[in-house]
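Take a look at the structures listed below.
Shared chain: subunit A. Partners: subunit B in the first complex, subunit C in the second.
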Partner chain A sequence: MNLMANILINVIIAFLAGSLLLGLHRKVMARVQKRPGPPIVQHLIHSLKFFFKETAIPKTVSRVFYIGIVFILALIWIVGVIVGPVAHDSLLILFGVYAVYKIVEHNSGSSSGSPYGKLSCVRAVLSAATELPLFASIVFVYLITGTMNIGEIIAYQSAHGPLIFSIPLAALMFFMLIITKSPYSPFAITKDKALISGFETEHFGFLRGFMLFSESIAWYVMLWVFLTIFFGPLSAVGYLIGMVAISFITGFINAATPLLSPNHSVMTQITIGAICFFGTVLMIFTGVVA
Partner chain B sequence: MVSQKITCIILLVLSTVAILACLIADFEAWIVYAVAIFGIPTWVLSLGLLTMAKPKPEDEEERVKEPFTGY
Partner chain C sequence: MLDYMIYILTFAVGSILGLLYSYKQHGEPFVAVTKFNIPFTVISIIGWVLGFNSGNIILSAIGFLLAGFVMGERPGYGRKETAVGLIVGIIVYILLMCRLM
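Our next item is the complex of A and B:
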């Protein structure tokens, strides 16, 4: 297949699947809280609807930055689609994508000129605590498989079995990142409702729609990477089941857990990360992991 | 506002042409990746800035002064 056609198809699948999964996530949360909740397609409709909504650029914003940051958000997650589902390339690039995503959160808030955005921007720095377990998780995958290349990790797992069974605590660290990035997460300190919509507060109308477009792709890419590097070679049905299951689980966790304050959020993430890190090191040195 | 519209039209045309060229011809992988990474967001952004509804001239000042509307 033509490479560009492959990329376009994957971007469209990522957007549609990501939107529906986020819709499912919201539905699960509503049902847990004994509410009917919006239809599953609502997130998708929401994203498309915003493209035609009235948009004005506030006086307080840094104009180029304000629009540019939305562009960068889309750009990095398209890189995520290319490195992941399309090219099966290096995990390190995906780690870089996630690191830039943190910068986007930070700068989106600071470009707005809004006090809510600025506070969210400060919290984005604190929430970088999620990146340490993510990095540790990737390092363990490298130590076991001897490669950072996603294609080779898939090949390793088809010969030796899924990594979830050999380094479950590393998978848990990665899963914590997924919980953190899921909507209404207990660790979502940058989007605390006390900050309205956090760093997105000032991005409304079309620009919000564009952000929702990118975030749907981001959700799909993160789930895809998690399933691929810990559950081995999967068929399309396997990915579908896995993504639905993870959206269901995170929806349940988020519905049942209140948002933590920034200091508690960071401490919890670091504590879980440290336990999983030392647990995995112990498993490697005691020979539990071959 | 007029300059923004012209810029958006130029960017939309350029990104559309670049994406179509990669669909029709077989370029080297790095060229296709570069076009996809920059072209797709540019296409969506420029199209969105052109299609988005704008406030009425009499409401515009109010919109940009009190923007804390969230949704």
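Our next item is the complex of A and C:
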């Protein structure tokens, strides 16, 4: 198939699947809290709706940056789709995508001119604590498989079995990143309701539409990467079951957990990351991991 | 990947149509419906069975459209019907797999 067509199809799938999974996530949270919750398709309708709303630009914004950052956000997650599901390329590029996403989160808040956006921007710097466990997790995958290439990691797993059985604590570190990125997460300090919508507060109309579009793609890409690098070669049904299961689990966790304060959030992430890191190192040195 | 895109697109369109239809039919505030809607159950069963088992892009797409239509109904409606349709669809899928093995 033509590469451009392949990219387009994968981006559409990522957007639709990500939106429906986020809708499911919200539904699960609602049911745990004994509310009926919105329909599963609501997140998708919500995203599309914003593209047709009037776009207002506040006077206090840094205009070029304020508008440009939204397109950069969409672009980096499209790159995530290209590197992951389309090309099966290097995990390091995906790590780069996540790092740039943090910068975008930071700059989106700072360009808005809103105090809520600025506070969210400061918290985005703190929440970079999630990148350390993510990086450690990727390093362990490299140490075991000897490659950063997703295609080769899949090939390794088809020969030696899924990595979740050999380095479960590294998978737990990656899973913590997924919890952090999920809506209403205990670690989502940049979108604390005390900050209204955090760095997104001052983005209206189609700009917000692009942000929701990017969020859906981001959710799909992260679930895809997690399932691919820890659960071996999966069929489409396998990915579907895995993504639905993870959305369910994160929905339960987020519904039952209050939002942590920034310092507690960072300390919890670092502590879980450190325990998993040293646990995996111990497993490797004691020969538990071959 | 084109087939998966068609499936997910038809499922999303079906869900939106189901939502619009059920809001037109039921304008009242939220009620947890206990009644079992037989026609919607049949639609859901046809949808999930076709979606999972037809092996044909067009028939599967129609199946996911129908399944999405029932699943996408407003909160409180279409839950049991979807559960029945999904269970029947999965059972038929497993039976067909066993037959092939």
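In this section, the second predicted complex is superposed on the first by the 290 of 290 C-alpha atoms of A that agree within 3 Å, B and C clash if a C-alpha of one lies under 4 Å from a C-alpha of the other, contacts with A are read in each partner's own complex, and residues count from 1 in each chain.
Going forward, a contact is a pair of C-beta atoms (placed from the backbone, for glycine too) under 8 Å apart; a residue touches a chain by one contact, two chains touch by 3 or more.
In this text, all values refer to a predicted model and were calculated from it rather than measured experimentally.
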item	value
Side-by-side fit of subunit B and subunit C on subunit A, or clash	fit
Broader residue contact with subunit A after superposition on the shared chain, subunit B or subunit C	B
First, second, both or neither for A:P36, with subunit B first and subunit C second	second
First (subunit B), second (subunit C), both or neither touched by A:T55	first
Touched partner set for A:G242, first subunit B, second subunit C, both or neither	neither
First, second, both or neither for A:I45, with subunit B first and subunit C second	second
Inter-chain angle, subunit B to subunit C through the CA centre of subunit A, in degrees rounded to a multiple of 10	80
First (subunit B), second (subunit C), both or neither touched by A:P186	neither
Subunit B versus subunit C as contact partner of A:G109, first or second or both or neither	neither
Partner chain(s) touched by A:I13 [first = subunit B, second = subunit C, both, neither]	second
First (subunit B), second (subunit C), both or neither touched by A:G205	first
Three-chain overlay, closest Cα atoms of subunit B and subunit C, distance in Å	14
Residues of subunit B defined as touching subunit A within the complex	19, 22-23, 26, 29, 32-33, 35-38, 40-42, 44-45, 48-49, 51-55, 60, 63-65, 67-71
Subunit B partner contacts - residues on subunit A that touch it in the complex	2-5, 7-8, 11, 51-60, 67, 70-71, 74-75, 78-79, 82, 114, 116, 196-197, 201-202, 204-210, 213
Subunit A partner contacts - residues on subunit C that touch it in the complex	1-2, 4-5, 8-9, 11-12, 15-16, 19, 30, 32, 68, 71-76
List of subunit A residues in touch with subunit C within their complex	1, 6, 9-10, 12-13, 16-17, 19-20, 36-41, 44-45, 236
